[in-house]
């Protein structure tokens, strides 16, 4: 497994090379360099995954956690800040997800970004992002995760602000960075608390790692020390870290940056803001899951309810958006919230069919995987559409199915997947999530089912809005929308994955054949866990999804949309609120600009200039005035001097006498 | 003659050379040769120090030498270095070297003062005699007045006067403090190591005396370290100073404050440090947040960076006062990191100002398209400032936070959390600035014509970026180097202050 | 007549001793000082200075004559003092004439440029 | 007895003329009063038997210095401004300071016990001029050659200096 280090090093070198030498490279060369490197690490990741999952399981039935590299990067007193690589089922899965999507995006960008100024810079940033994201998932300790977490944030910032001449892009990039930074503050404090009380930052909770030769051993994580210091410490630390995760994963109320982040190039949205970076929060919770479930189970409803509310909020906002990328962004928020909820409802770590409480973890990771694929496909498809019509607004589209057949097909597949139609990948994973929710509490289960229905509704609203309905003729007069092979190829690959995984897992889940399924590889305790659908849940969610799709078809498919207009007229205010995202941005704007800037920063700056500085200027002024006043003694009048002199002498004599 | 004295001797030779130099070419040659020699010496010293340490040299100070200078007051020219001073010398070497390239077109007199200033700085870091430290401190201070007052911009006379007066006021405090320590320890030696270890005729300073002199020394050095509320010289001074002077000032001179606080106030007055640290902790933690928040609404680039320096330097003193080895290591790392990144920042701001003739954020726009090199450098400086991993700021801040968290009581916790918020605010003001001046589209036809950096400017910027990235990527050796030297000081504090005092009302 | 004789004897029987000279010179000195402080014309001030100098000279002479009659120090000092005061007067008057040329008057109140 | 009477008369002249010299309004009169003071002082020297000193006083001071004053007064006679009057407060302050000082001095002199030395009538032995001449020009232990020469140089310098200062530009 020594070659895993290359997975991190290669993109980093590619970033350095493209960043420094990009100026002198042609677009084609730099793109090829980036893509080649990514192809290489994709292959390496697949090799890693193959080696890892085909290796023998440990005695307890789980896959061994390997640490091929670990070295102390920065000693921090009794603690160590290590950098290394940790391979366990979820990190290996993430390697695959990230490299696959990233590779697709690299290829796709050839077409999408063709001729853009800063093409080399774009590929350099993509490499940086890929490196950071991979570093994040293979982190051996929480601090390494934080380090790459920040790097991911900054590469996201750079990529959102890629079109830096547009004010909206600049504002969006700033917002994304600052909001996640704010959330990361919680993460950092959580890390500090965690590190202080457990005496280690490492993920070595149970001490069952297989360290490679020559790696620095971890300082074992002293969970019992933390427990001894106070029962609330670990939950507090975990909750604070969850705030960080919520920020990255755009959980309400820290979600506001994600819709704006759509100002970046669309492939970037596909890679960062749909498939990989935004699931970092989910990944973080999953990584710390053993701690959550063992020591902080009472606090897990925080995750659940934040997730549930976010899912609902995002879904309802998505129903009213007109910008196709915004719809996808809110759908992403909603889907990530699904993953969060799934983790939250996972109350047990022991698998086995009778313990439905442990499905959530597996379901969450599974949904992460499937969602990454179909959401990337959706975003890339949206990219094709935008590339073709040069607009983000649904009004500008309609009837595009004739012009963009491949995009249309893949988009439809992905929409079906996200809606949870059987034989598409989303069905299996979402079904598991709902099963887990049902097992936790039927209320949560039904709410999530309803939100899944909303998902199907707004996705098909989007689908019909783009590919059906009225054709926007005047837009097409100049040039006919068309698609390029280099851009459609990734779409096809991603939808093949979606369909393939979907068919396989659906068949396996219905028990039609006995094979490995996702749960065999990844489950809460690492055991081989075969997915079996709960027929009631599966049928309910399928029926509901189909109904929603039918409803959406009824409302949005036609050339005119009388029902939609009527709905709009019936509740214009609701639509307006949803369209304005329930004014969350305005609230933040108000807090930051009107309160923090106007009532904190400005007064402080004023205070500094006038009070503190004024005090020192007052001192100077006082000295100046005083000396101005006493300089009168130095009148230049000899007689005055003589008088003072005389008095002085007399006083002296008097003292002597 | 000890080879450390070369750090003072080379600037002296440079002064002589400058005096002889006739044309711009000669002046440049002298400066480049001299500053390269200083940098090379600093690097050589670092390597030698590391190899000697690993070779088993365990003395607190290495390469010590002492010559009696003024017998009645026991003042001697004593030199010696430990890991902290080595790191600081390295920093000074880099800043002086790059500063030379940044002030490429300046005249002879400017370089004379510049070199004198460097001499003071180097002398300060190699001294282990309190009086010599004080003397070099003053040598470093006075040229600042002329450099700002003569070659500055804006309200330069006002700023120069303010800066000099405030720092002079501080050195009055400092002198009282130094003599207080000297007589408190028996009046037999000015040597820092001797006083700390109670050797060479020094005895333990009474607790009550320590409590009197600690504020004097700490404030005396703290003013130079931009401690809230004595920081106001810094925005004005930096805003008016010429580019390289800002660099040198923020990059090195302000570090004298932190270094002095650590080397004299904490090291020599450990009990008082334990007893009184809470007062200064509150001040510095306030300063950290305060500086960051006021940076948010500044419109002048230099003011913005000066306030951000207040915040970052406040972090240095804050970490020192945490009195843990890790936090103090972080403080020294922060000094290095802040020195480099602020120098880079000021260098680039100066270059932009030189070209665009304005530093107003509202008037600059879209520089990325016009001056890509400077803009990228600026963005890197900004990212280092907000603590991006891989650049030096992250390493220092994380070390400080982890170290501060080693104090388990609520008081320290609350202050630490307060200080951590500054990293969010830092993101706000840095990104606001970057967004406003680098991004967007240039509106001003005047600015469209400005040209990108010259080769010497590029060279300086690249050097600084390399150093920042170097520390950011491989901080281990530096941290090791520093923490070994910090440990004895902190151990000294910890042994005398067996428990943190009861007098603190917050505990 | 007897009474007058008695009074004369009492009054004039007192012999002049050192303190008489000292009292005289002290009074003279302070007359000079008073003049120095109140006069406005520089020449008048110089006159006051001469008074003070003379008071000092009297002291020198009186000390020599009455306390140390065997030496000549006071005597010679008085001589020097007279010489020096003559020199001083010469210079001072030259300066005043110069001032007068420039200012067309000689008032000390106008001579306050030497300040700050 | 005669000495006492003479001393008292001289003292009266000195003090009276002194007071007049510093209080009179007219500067020329002040110079004249000063001359009387100087003569009085010369009288005191004669009283003490220091005849040479007395004659020097008369020659140098009364003869030289006062004449210089009078010339200077005549040269600067036309003042273009009125003689500025001195404020009463300043006069008072000066008077008080002088009186205090005088009181202090008198107190010190009267309370001090001087050696009982009354002024005897002068004799031939009282400082013969020849002795004085020898002492001024001797370089022995009590010789005053060096100061004498220095004073002469001083005088020379003063002559040169006053010429330079007072010459017209």
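All chains are identified by letter, namely A, B, C and D, in their written order; residue positions are counted from 1 within each chain.
By definition in this document, a contact is a pair of C-beta atoms (placed from the backbone, for glycine too) under 8 Å apart; a residue touches a chain by one contact, two chains touch by 3 or more.
A quick note: this is a predicted structure, and the numbers were derived from the prediction, not measured.
**Q** Just to be sure I understand: the centre of a chain is the mean of its C-alpha atoms, right? Then which chain's centre is nearest the mean of all of them?
**A** Centroid comparison flags B as closest.
**Q** What whole-Å value do you get for the distance between chain A and chain D if each is reduced to the mean of its CA atoms?
**A** Their C-alpha centroids are separated by 104 Å.
**Q** Report the inter-chain centroid distance for chain A and chain B in whole angstrom, where each centroid is the mean of the CA atoms.
**A** A distance of 37 Å separates the two centres.
**Q** Just the number, please: Cα centre separation of chain B and chain D in whole Å.
**A** About 70 Å, centre to centre.
**Q** Determine the centre-to-centre distance between chain B and chain C, using the mean Cα coordinates as centres, and give it in whole Å.
**A** Chain centres of chain B and chain C, defined by C-alpha means, are spaced 67 Å apart.
**Q** Which residues belonging to chain C are in contact with no fewer than two other chains?
**A** Within chain C, residues 33, 37-38, 109 contact more than one other chain.
**Q** What parts of chain A, by residue number, touch at least two of the other chains?
**A** In chain A, residues 643, 646 touch at least two other chains, as defined above.
**Q** Two-or-more-chain contact residues of chain B, please, as numbers and ranges.
**A** In chain B, no residue touches two or more other chains.
**Q** Which chains touch which?
**A** Every pair of chains meeting the touch criterion: A-B, A-C, A-D, C-D.
**Q** Using the touch rule from the top, collect the residues of chain D that touch chain C in their complex.
**A** Checking each residue of chain D against chain C gives 1, 3-5, 7, 11, 14-15, 18-19, 21-23, 27, 30-31, 34, 37-38, 41, 44-45, 48-50, 53, 56-57, 60-61, 64-65, 68-69, 72-73, 75-76, 79-81, 83-84, 86, 90-91, 93-95, 97-99, 101-102, 105-106, 109-110, 112, 114-119, 126-127, 131-132, 135-136, 142, 144, 147, 151, 154-155, 157-159, 161-163, 165-166, 168.
**Q** Quick check: in the complex, which residue numbers of chain B touch chain A?
**A** Residues of chain B touching chain A: 161-162, 165-166, 229, 231-233, 235-236, 290, 293-294, 296-298, 307, 324-326, 329, 366, 368-369, 383, 386-390, 394-395, 398-399, 401-403, 405-406, 408, 416-417, 420-421, 423-424, 427-428, 431-432, 435, 438-441, 475-476, 479-480, 483.
**Q** With touch defined as at the start, can you tell me which chain C residues reach chain D in the complex?
**A** 12-24, 26-35, 37-41, 43-44, 46-48, 50-51, 54, 57-58, 61-62, 65-67, 69, 71-72, 75-76, 78-80, 82-91, 93-98, 100-101, 104-107, 109
**Q** Residues of chain A touching chain D in their complex?
**A** Going through chain A, the ones touching chain D are 643, 646-647, 649-650, 653-654, 657.
**Q** Per the contact definition, I'd like the list of chain A residues that touch chain B in the complex.
**A** Touching chain B from chain A are residues 72-77, 79, 81, 143, 147-148, 150-151, 154, 157, 161, 164-165, 167, 170-171, 173-174, 177-178, 181-182, 185, 188-189, 192-193, 195-196, 596-597, 600-602, 604-605, 608, 612-613, 615-617, 620.
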